[in-house]
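Each structure below appears as structure tokens.
Presented sequentially are two complexes of chain A, the first with chain B as partner and the second with chain C.
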Partner chain A sequence: MTMRTPFDKRDPLARRKHRHVPPGARSSALHAMSARAATGRFVLQSCTDCGAATYPPRDACPRCWGSLVWKDQTRGAALLSETVIRTTTDLYFRNHLPWRMGKLALDAGPVAVAHLHADLLIGDRAEMHLVIDKGGNAALFALPAGRNADMQDRQWREFVVPVKDRTVLVSDARSAIGRAIVGALHAAGARLVVAGMAPPARAADLADELLAQDGVQAVPLDLTDPVSIAEGLSKVGGPLDIVINSARFVRSGGVSHGGNLTDQRRAFELSAMGLSRLAQACAPILAARASGAFVDILSANALAPDADFAAYSAVEAARHSLVQSFRHEMRNAGVRVLSILTGPTEDEDHQSIPPPKVTPTRIAKCVLAALEGGLEQSCVGDVATDALTRWMADPALYTREKNL
Partner chain B sequence: MRPRVAYDGVVLCAPVTVPYERFSCETAHRWTARALRGLSDATGLKADDFDGFCFASFTAAPDTAVGMVQHLGLSPRWLDHIPTGGASGIMALRRAARAVQSGDADIVACVAADTNHIDSFRHTLAGFSRFSQDAVYPYGFGGPNATFALITDAYMREFGVAREDFGKLCVAQRDNARSNPLALQRSELTLDAYMHARPIADPVHLYDCVMPCAGAEAFIVTTPEIAAKRGLPAASIRATIERHNAFPDEPVQLRGGWAMDIEEMWTMAGIGPNDIDTLQVYDDYPVIVAMQIEDLGFCAKGHVADYIRATSFGIDGDLPLNTNGGQLSAGQAGAAGGFQNVTEGLRQILGQPLGAAVPDARIAAVSGFGLVNYDRGVCTGAAVLEACA
Partner chain C sequence: MTATDNPLAGLIAGLASSRIRAIDLTNTLSTDFPVIVLPSEFGQCEPFRMETVSRYDGNGPAWYWNNISMNEHTGTHFDAPAHWITGRDIPNGTVDMVAPADFIHPAVVIDISREADDDADFILTRAFLEDWEQQNGPIPPRHWVLLRTDWSKRVGTLSYLNLKDDGAHSPGPDADAMRFLVHDRDCVGLGVETVGTDAGQASNFDEPLPAHSILHGNGRFGLQCLTNIDQLPVTGAVIVAMPLKIKGGSGSPLRVMALVTG
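Moving on, here comes the complex of A and B:
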């Protein structure tokens, strides 16, 4: 194992830098905006009566006092005025001064204060993004129109999770999904990709070209065993920035018949309990990092069960619940917890299921996009997107219809 | 709109300024008591004499005017609590004037008082308004400095105003403060020092910002007869205006609510800007001073740079402006900052200035601007006061 760039030795007695988060108090209406921003949508409230868009979030239309609904809006805007804040009483922004923000006229109608990309100048056309700040709340960010997200922009980097030059752990690098993620992270310039290899070790591991690359380190890692996790993390060369939990245990079977209780227990141990073990071990490490993140890849069956995969669905639902609690716990540390929902994948776990299925490569791309876009919740593939859309619209109906 | 009833039978008197302190470990209640004591010392009036009480404060929580009357032993038959900060002085005098005129009250004590503990500014800021909390503070937490930086930036671009122009206003106000023994900042401010001050939120620099402090301001609204009986010099109200959430569709605040109503104010007053002896405007930032000079009709919109360059704002100048130094030099004592314009205007025309007197001052225009709820000041008001013969 070799790393791409040498890591500076730290002073072991140095006082650790506190990671603050931006001010967190928000109205209920803004939390509703954050829930939509979590998936990367750009939404504003629109009036159901007069149609006017409004911002900041309100509880009634300021023009006709009608009801407001969240709607996707056109992203165009123009920068009207700007400032560079050089003093603040807030501890988070004190660590990030100077901070540039400005006021934009949105094509959708309202005016809004937003964080600014360094290249966006007065009078320029802008493209609005609704991002999630380190405290977990929605924030408006204005990029120059026609420009993609720029991982070099100092302010934009506060809202996303850069992968380049970072140390990343993939919890299960034996699976097709895990292997694809290791490859994608390495290609994206991660300093070190730590590939978790569930025991027993195999002779084939030694000849594995993926693991033999510079910047990839294989470590034995068994999520059902806390000692294995502690030992695995202790072998990581340098502090860990990102943890990607790709481990899971997929078996078909029902509840009253066709189910194998040994498989069920194994699934709970690995996917749900394993997530808790991994989270407990890595939370303090991630909390010390400037852009710590934890990504969990889970099945869309977490939203509503597939009766033919009853235990697997139940475990994924438990995992979905645990991840949301973990996200809440990590909010005050500024660590992002991201969920990737996927449908059936093109692998040995889903041999009995007809297409559409998601390829491991596509899941790996989605993981990178979620990190570099700061997306709290992403869907990969049509099945997961369809599931989330139907679940958001009417969870009771979706749960009934899914197994008809 | 119907023509308004003139403010006959109403006067203002007894302007009181409780000396400001940069920080105070005392409460808003204590500062309110000092203001009432100041009114009493100036007039001989006792608690039972005040049958009206109008109150403004940011730091009295959890109390309002209700808690304050019981805390301080008042039994008024007319009570008002005004939450509009920088517009509270104008609004207090408007409300109290109509109460006295209609007979609902005879003697109204109008008081604004705020304390300033270490860290209380940060706390006031953090819970200021829902829109600020949702849509402004998360963007760098620059507080009012950042909000007014956005307004200042747009205003300078739109109207060709230079930092030197704002500097002239700030320097003139500091010169005025030098004769006011109660001003917190009385050392000389040169234009050079203003221009080279450290940036706070571009283009706002250090001397564009007020210094938060503790303090209280008060005045009395009553009838001419009661004032005469007590031997109190008094001033009448020629005209007033008030407006909230004006021009909501304008993307950046380049004008305030005064612009909607100013013609009516001068019509009601029966005079114009040229007849004013002194102008006391709200001055949390010099851009708002410039905006009021335009919107109150002292110069045409968009011509304030030329006007500032051609006008002197000293106590003996062409337009004596914020003659106590304004909040920029005297300090901003929370809601009392919205009363300072009224008390200072009143003092000058009653011949009771804290420092140097504006020569032969009889008529003052006073103007308030309050409450940045989101991206602009929402509340505006103005009044024309004239010393009684």
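Moving on, here comes the complex of A and C:
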């Protein structure tokens, strides 16, 4: 028997901590900023008349009353001044005092108040990030520029999902994607990676070196079966911080022909219903954690269908919808729900599709980047990035062009 | 009424006095009970699934019930002749048409547990059966032939399906053994503890999947995923097996019971 490192040291009789989230009410303009920040962009509004960038978000240019559009901006800035907040009536920040903030002169133009990394001093150059707070809203964060900042920074960690020393469940560790994620999480210092193994079990599972490592625990897990999910979660010793849903069922086929109804049902049961079953089972567990997160890996076919993979596209669209509802539900609990959109992957699911395809290793890297950057929606690979861009520009045109 | 004018009275009296015992040959139908795994070119068997509709809660304050789903061949189950292409033209070959007289038949138990333990791919041959008859007497007609492999003791372990890199490994009969049982011994059907009446590697036989092919082509039945066969005598047990009356169904999960004396 080997002992795992204790998940955290605390008074065994301490009462469960009530988790709060930062205030949620914001203007429509700020929600527009949050929607862009969710994908990791650094945007500010720019005036279409005078060209000046402005912050905080507004409905019209404060200089000339011109109309504003969102534009990606340069991230550079200099720290002008700082202050430390030592008292507040806000329940979330009360639990995180003292809290340091500062004023920065953004290279893009405006002067902005932002959350500060501990190493950043007055006069220093900073790199600006638009991060999403636990309440789901965009916030400006200034990291030290030009050097590797300490990502264990106390304030920064409030806006991201730390992986080191955390317990993470991967829902399908049998697939190539799941295996890559298990390996990447283990390498990133997760305390325990729980690897969900869909039945039937095979004799070879026992000899699997990936699963035999210290800090990796294989459990039988089938998202089509609520009993299996309950039993799988019951085998996780200690709290669970992060759930990564890599399970999916991919088969080609159309709607009126070439589609297999048994496969279609299976895809819905595993990918869409399976997501709901997993979310229901793990939501209360994640809500109890300081940095709980749920990551779902989705196909870019969720945005617009690929007629040759009709059922798969439909299921991924249903899943995309469920994940967004789940994200909304978990906001009050401070649990982040992240989606990773991918194009065809270099695995047995997409044998019939020519390159470019995304490797499982790359998806695993993207999952870690999404967690470490707190990104609600990420695209991995050119196909998914292109799909999202074209879908945002003109969904009807994109759907037609995709199926020419 | 006495036993002379009502033969059932003897059965009732036997059950009441425990001179006749009922033995459950059924595995529990649970979500984690393994189902047969076919090569990925083919459609797959859905396992048993259960979702609660209500359990004395807001969805039903006073009652508890579940929605369940499964394949016809999930858990302890019955194979009707129509399950196989060879049995497609057998009259009344679907489960709903099984004659009530076929619900109850005597059984003969052939123990190959030692051979199966030595070799997971043990093949039951006609020669083995003839040798068995030398020691146990002829297999009587119109009996279920139950193969005791003790495979049911592996349920809950990897070695039940016994999936290796080259497929499943479990014991079963070859074609000559099946022809002997069906044509020369007129069996009602074959009952096994494994997930299929055929051996795990039976798709590689020169006559592939002989148990299914020969049983069902001749209007005989199959019983799979049985347990407690080790509690049955070689002869003398009576099997009660009533599949669900699924319209046009190819098989059905069911409760299988054996009645034994003593």
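Side notes on the structure shown:
Convention: the second predicted complex is superposed on the first by the 389 of 404 C-alpha atoms of A that agree within 3 Å, B and C clash if a C-alpha of one lies under 4 Å from a C-alpha of the other, contacts with A are read in each partner's own complex, and residues count from 1 in each chain.
Quick note on the criterion: a residue touches a chain if its C-beta (ideal position, glycine included) is under 8 Å from a C-beta of that chain, and two chains touch if they have at least 3 such contacts.
It should be emphasised that the depicted structure is a prediction, and the values quoted were computed from it without experimental measurement.
Judged by the touch definition given at the top, the superposed model places A:225 against chain C, while chain B stays out of reach. Of the two partner chains, neither chain B nor chain C is touched by A:60.
Chain A is touched at more residues by one of its partners, and among chain B and chain C that partner is B.
In the superposed model, A:83 lies in contact with chain B only, and not with chain C. Contact with neither chain B nor chain C is seen for A:392 once the two complexes are overlaid on the shared chain. Shared-chain residue A:262: touches chain C; no touch with chain B. Of the two partner chains placed by superposition, only chain C is touched by A:202; chain B is not. Residues common to the contacts of chain A with chain B and with chain C across the two structures: none. By the touch criterion stated above, chain A contacts chain C in their complex at residues 199-206, 220, 222, 224-228, 260, 262-263, 266. Residues of chain A that touch chain B in their complex: 22-23, 25-27, 29-30, 55-57, 62, 80-90, 92-93, 99-103, 105, 111-115, 122, 133, 135, 137, 139. Here chain B touches chain A in the complex through residues 121-122, 125-127, 130-131, 133-143, 145-146, 149-151, 153-154, 157, 198-204, 248, 251-252, 374-375, going by the rule given at the top. Here chain C touches chain A in the complex through residues 30-32, 34-35, 37, 43-44, 46-47, 49-51, 158-159, 161-165, going by the rule given at the top.
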